[in-house]
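What follows is a pair of complexes built around subunit A, which joins subunit B in one and subunit C in the other.
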Partner chain A sequence: MTRDFRARQIWTIARLELRRVFFSKRSFWVYGLALFPVAIFVAAAIGMTYERRSYEAVNRVSPALINSVNEGESVEAVLERLGTPVRDREFRRRHRGEDDESEELLVIRNLRYWDGSRFAELRFRNGILEAKFIRQLISLERQRQAYNGVFHYYYLKLAIFFGCLGIFMNLFRGEMLDKTLHFWLLAPARREVLLGGKYLAGLLASSVIFGAGAALMFAAMVWPVDPLEARAFLAGPAAAQWARYAGAAMLACLGYGSAFLAAGLLVRNPIVPAVVLLMWESINGFLPAVLQKISVLHYVQSVCPMPAPMDDGAPALVRLFLAPAPGTAWPLAVLGLCALTAAVLFVAARAVKRLEINYGGD
Partner chain B sequence: MSAPEIVFDEVSKFYGEVLGVNRVTLRIPPGITSLVGPNGSGKTTLMNLLTGLVHPDRGSITVRGFSPRDPERLMRITGYATQYDAAPRGATGFDFVCTSLLLWGYDSRAARTRAAEALERVGLTEAAGRKVAAYSKGMRQRVRLAQAIAHDPEVLVLDEPLNGLDPVVRAETIALFRDFAARGRHVVLSSHVLQEVDVISDQVILIANGMVVAEGRIRNVRDEIDERPSQFLIRCSGASRVASLLFGRDHVSEIKMVDGREGLLVMTRDREQFAAALNEIALAGHTIESVLPADENVDALYEYLIGGQR
Partner chain C sequence: MAVYKRGYQRYQGELTGRWTRFLALPRFVWPRLIEQRLILIVLIVSLFWPLACVAFIYVANHSELWSGLDNDFAQFLQIDGRFFRYFMDTQAVMAVILAALAGPGLIAPDLANNGLPLYFSRPLSRLDYVLARMFTLVAMLALVTLLPALLLFAMQGGLAGFDWLWKNLRLPVGVLAGFAMHILLVSMVALACSAWVKWRTIAGALVVGFFFILAGASELLNNVLDVTWGVLFNPARALYTVWSAMLGVEAGEGPGAWACGAALLVMAALVALVLEKKLRPVEVVS
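After this line comes the complex of A and B, so read on.
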């Protein structure tokens, strides 16, 4: 048998498997995992667009006018100068004095003004401006931070992890449960060829699902941003960043896919390898440098354009588990992950050669 | 050219602590070979070992010179219709057969043509477009057979292939096996329908408790069972007289009158002496219409060799 023939067999197996991976009922929740953050970003974008339109419909003041408002001004003076606010809220509350005996009635009024990209919250106490907060409604930088956080903490650590668990564990274990694995084992193909075909199918499917999810999420992130700012971003670093996020998603599929494919051949219960691998990946940040290299997340995080965000005020335990390990240069990270994947697939190939049909045992 | 024999050499297989087969040594020549034995005796294990679905713990197997650990070569010459009823989800009968042909390396057009031919051979042309999951038991049996024969294998392995088939399809299927065997190929099948095994098999392998109890042509196996006298059914006129003539012989242990005293069931410990005695009786003027062996069939062998374990 020629190498060319085996390559054709791998592709045939992958093609046949792809249909099953993409359209089986078992895979539908994987779509849910991949598209959930897209839905959140789209919903947020719709919300922000709606909010902006509603402000535009009421009143839009110049940025200079907003900047001109100072603490200590009366509410009447501000209303006269800036006109109708886009939002006007008033409430009253009783305030106990410092001597703890006297009581005073406070009238709090919040006015919101909109200048086309920022809004100002003006807080009046008994008719006098007490505080002024100015904020961008939509900021590209904030959107990018949000995207980066979601990508690191949800997409890489949960969605792709569990998505690959669902896809790759099922490639052999699912067929064993369906009692259809013999169909493949009776084909005139080497077991390694069968493994290669199934892995390729899983990799293509998961890469398409999660790569597309990352790309859609990226588009949804840019959508509500000011068109001028968005255009500048898209003409600049957007393509490179998008490629690195999508690449990181696909590399995560490559690494986790091999791990779960091997696990599907070596153990019966998917929960055990999932928990072990999840723990291993979680504690990666404080493992010795040598052990850090036996981790998918270690390499994948190095490929992302921005490190995982970490709040300085986060509890120590949370920081311990979520803090990323020191990164590696991304070309080295890609090579490292490919080497790790090859090693895991080698173990899987040895396992698949020993694989026997024992439906009764499952 | 590969050696045209299937060879099991001291093969043992255990599932944990449960015995599958133990120290099986066999040489199976081309032709139709039936594996006969009670449930759990190891028939399916032997077939799975032969096709590489399970691996022996000890011993070795070669199928026409190929090892079951080399599916790339072995499955090119082997078709296996398993007992497992499931087909890949959503597959139609046509998809099921065509898909396996694609794995065999046929291009799409050749695979479609061969799949259609195989389905026609098992009488499933009309149902080819329906999902296998919606097939009856007999149709599933036939679609598995179609898949096994679609690439025209040299070794056809069939686990209970006649189960669920109606009489017409059963006859056609047996004809198909004979056609394969006539072309010098191996057909290895298991069956519980002993009468059919008897009719279609060139040789039988009787298995009990994971061990081969007997193997070979049915007549030869019967001859080896010394402790059981051979049974012959004689049709003759004057059955009582013939019975009295036979009864004086040492090798005759028992005689029963059958069919309203027109027939005799004779049990003898020596077939050659029995034949000589019948010659003498015929020369003495008694009319012997027919003499038929009554226990040279799989049913009897099964009863003699495995009966107690049924």
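After this line comes the complex of A and C, so read on.
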């Protein structure tokens, strides 16, 4: 038996499994996990475009006029100078005084003005300007921050995690539940070859699904941005960032996939490894730097072009504890994750050699 | 002449009482659940936090132990709505893990082995079956939620006097009602997952995924669309808002308690719909 022959066997098994992983009814929810953020980014883009058009149809004031508005001005003065606002909301509420006995009626009025790219929210309290907030309706920087947050907190920690749990656990445990695993074990192929084929199928499927999901999400993120700004971004760092995000998604599939494949062979109940790994990855930020390196997330996040965002309102102590370990250089991160995967697959290969079918147990 | 003939006759004897029939299911399942090592471990681990809270209540009610310390520490040792919300948050997570371990084994095996006709051929309706299964889980979850809460209130009442309980009546009412809502929702989700996927092991992962993925998805909605109503899709956060309102504690930004309560009701209705659709006494196999 040559190495080529075994490689061909692995590919044959992977090809058979790929059809099952991609098209079985049991895998469709994984597409949902991967494409849900794409749908939300598209919805946000449509919403922002609609908002911009509706503002343009009402009134557009010059940026200088918006900048000239100062706190303490009356609502009448602002309306006279800036004209019709694009949004005008008024509500009343009762406010209890500091002595807890007197009550005063507050009239809050919010006016929104549009200057073509920014909108200003003016908040009047009893007719006097109390606060002014100016923000870009669509900014590339804000979109990138949103994408980065979604990628780190939703995509890596939840979508890929649970997606890989579903795909890779299903490779052996699913066949056990279907009572079809014995067909594979009767085939004239070594157990390690079977493991390799199944892992390759799971890896290809999850990488395609989540890599494509990350890429589509990136495209949906850039879509509503001003064409000039978008063109400059696409001609500059976009391709490298896109590749690194898609690569990080694929690397996460590589790491989580091996862990869940091994778990599917070693334990009967997937909740236990899932909860343990989820907890480990969640508390990762609180662990010492050395322990942080024994996690899939550490290496995957090192490949991402931007670090995971942290809430500005988080207490200083929490920020201190959540300080991530110094990121590993991306070639080293890839190597580290490959080494971790190889170690886990070695354990899985030993387990698959001792595998005995017990269909009654599930 | 038929080569095989079998006739059936309706049972004409005396029936046991409705409650006896209802409790037959939990009576057989509880010992089986307790025998599972993992469930036992989670049950034990979930008592750690209530024990820590008991110690906290003891220290808070013995001012002589910290009389030399400053006012900030006294403020920290307040037994108020905030304290009980922390307690509820932690126990709620343990309840979800326990439900993920214990819940899927309640309906999935019956469906996977076509066992439902055996139940429904007896004087047991579909509603009875679901309620009996739910009661099994609710009672188990009550061990880590309602029971420790009662213990904490008994201890606080004993140490601070029943005047304290009377003055802060909204706390026990809020905690017990909040936990009741939580365990009902979690039990329904666990049973629905169990009925939906039919496989115990997969259903367990689905229960955990339901709570974690919806939490992530709601955060995603809030961040990308720049809104706060995404919270309505997160059962844990919606419950947190309702609990905060019940305990008179600030819940933070987002929809109010009534909106969150309505969202929880919709979720419960959807889950009940899944149960109604999946639990059929007969199945047509084409």
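The definition used in the following text is that the second predicted complex is superposed on the first by the 288 of 362 C-alpha atoms of A that agree within 3 Å, B and C clash if a C-alpha of one lies under 4 Å from a C-alpha of the other, contacts with A are read in each partner's own complex, and residues count from 1 in each chain.
As a working rule, a residue touches a chain if its C-beta (ideal position, glycine included) is under 8 Å from a C-beta of that chain, and two chains touch if they have at least 3 such contacts.
These figures come from a predicted structure and were not determined experimentally.
Visitor: Taking subunit A as the common reference, can subunit B and subunit C both be placed on it without clashing, or not? Answer clash or fit.
Guide: fit
Visitor: In the superposed arrangement, does A:358 touch subunit B (first), subunit C (second), both or neither?
Guide: A:358 sits against subunit B, while subunit C stays out of touch.
Visitor: In the overlay, answer first, second, both or neither for which of subunit B and subunit C A:33 touches.
Guide: The second partner, subunit C, only.
Visitor: Once both structures sit on chain A, report the angle subunit B, subunit A, subunit C from C-alpha centres, rounded to the nearest 10 degrees.
Guide: 70
Visitor: Contact-wise, after the overlay, does A:153 reach subunit B, subunit C, both or neither (first, second, both, neither)?
Guide: second
Visitor: According to the stated criteria, A:162 is in contact with first (subunit B), second (subunit C), both, or neither; which is it?
Guide: Second partner only.
Visitor: Can A:12 be said to touch subunit B (first), subunit C (second), both, or neither?
Guide: first
Visitor: Check the residue A:47 against both partner chains and state whether it touches subunit B (first), subunit C (second), both, or neither.
Guide: Second partner only, subunit C.
Visitor: Check the residue A:278 against both partner chains and state whether it touches subunit B (first), subunit C (second), both, or neither.
Guide: second
Visitor: Pick out the closest CA atoms of subunit B and subunit C after fitting on chain A and give their distance in Å.
Guide: For subunit B and subunit C in the superposition, the minimum C-alpha gap reads 8 Å.
Visitor: Of all residues in subunit A, which touch subunit B in the complex?
Guide: It comes out as residues 1, 5, 8-9, 12-13, 16, 20, 24, 178-180, 182-191, 193, 353-354, 356-359, 361.
Visitor: Contact residues on subunit B for subunit A in the complex?
Guide: Its residues touching subunit A are 15, 48, 51-55, 69, 71-76, 80, 82, 84-89, 99-100, 102-105.
Visitor: Could you list, by residue number, the parts of subunit A that touch subunit C in their complex?
Guide: 33, 36-37, 40-41, 43-44, 47, 146, 149-150, 153-154, 157-159, 162, 165-166, 169, 173, 177, 268-272, 274-275, 278, 362
Visitor: Going by the contact rule at the top, pick out the subunit C residues touching subunit A in the complex.
Guide: Against subunit A, subunit C makes touches at 38, 97, 100-101, 199-202, 204-205, 207-209, 212-213, 216-217, 219-221, 223-226.
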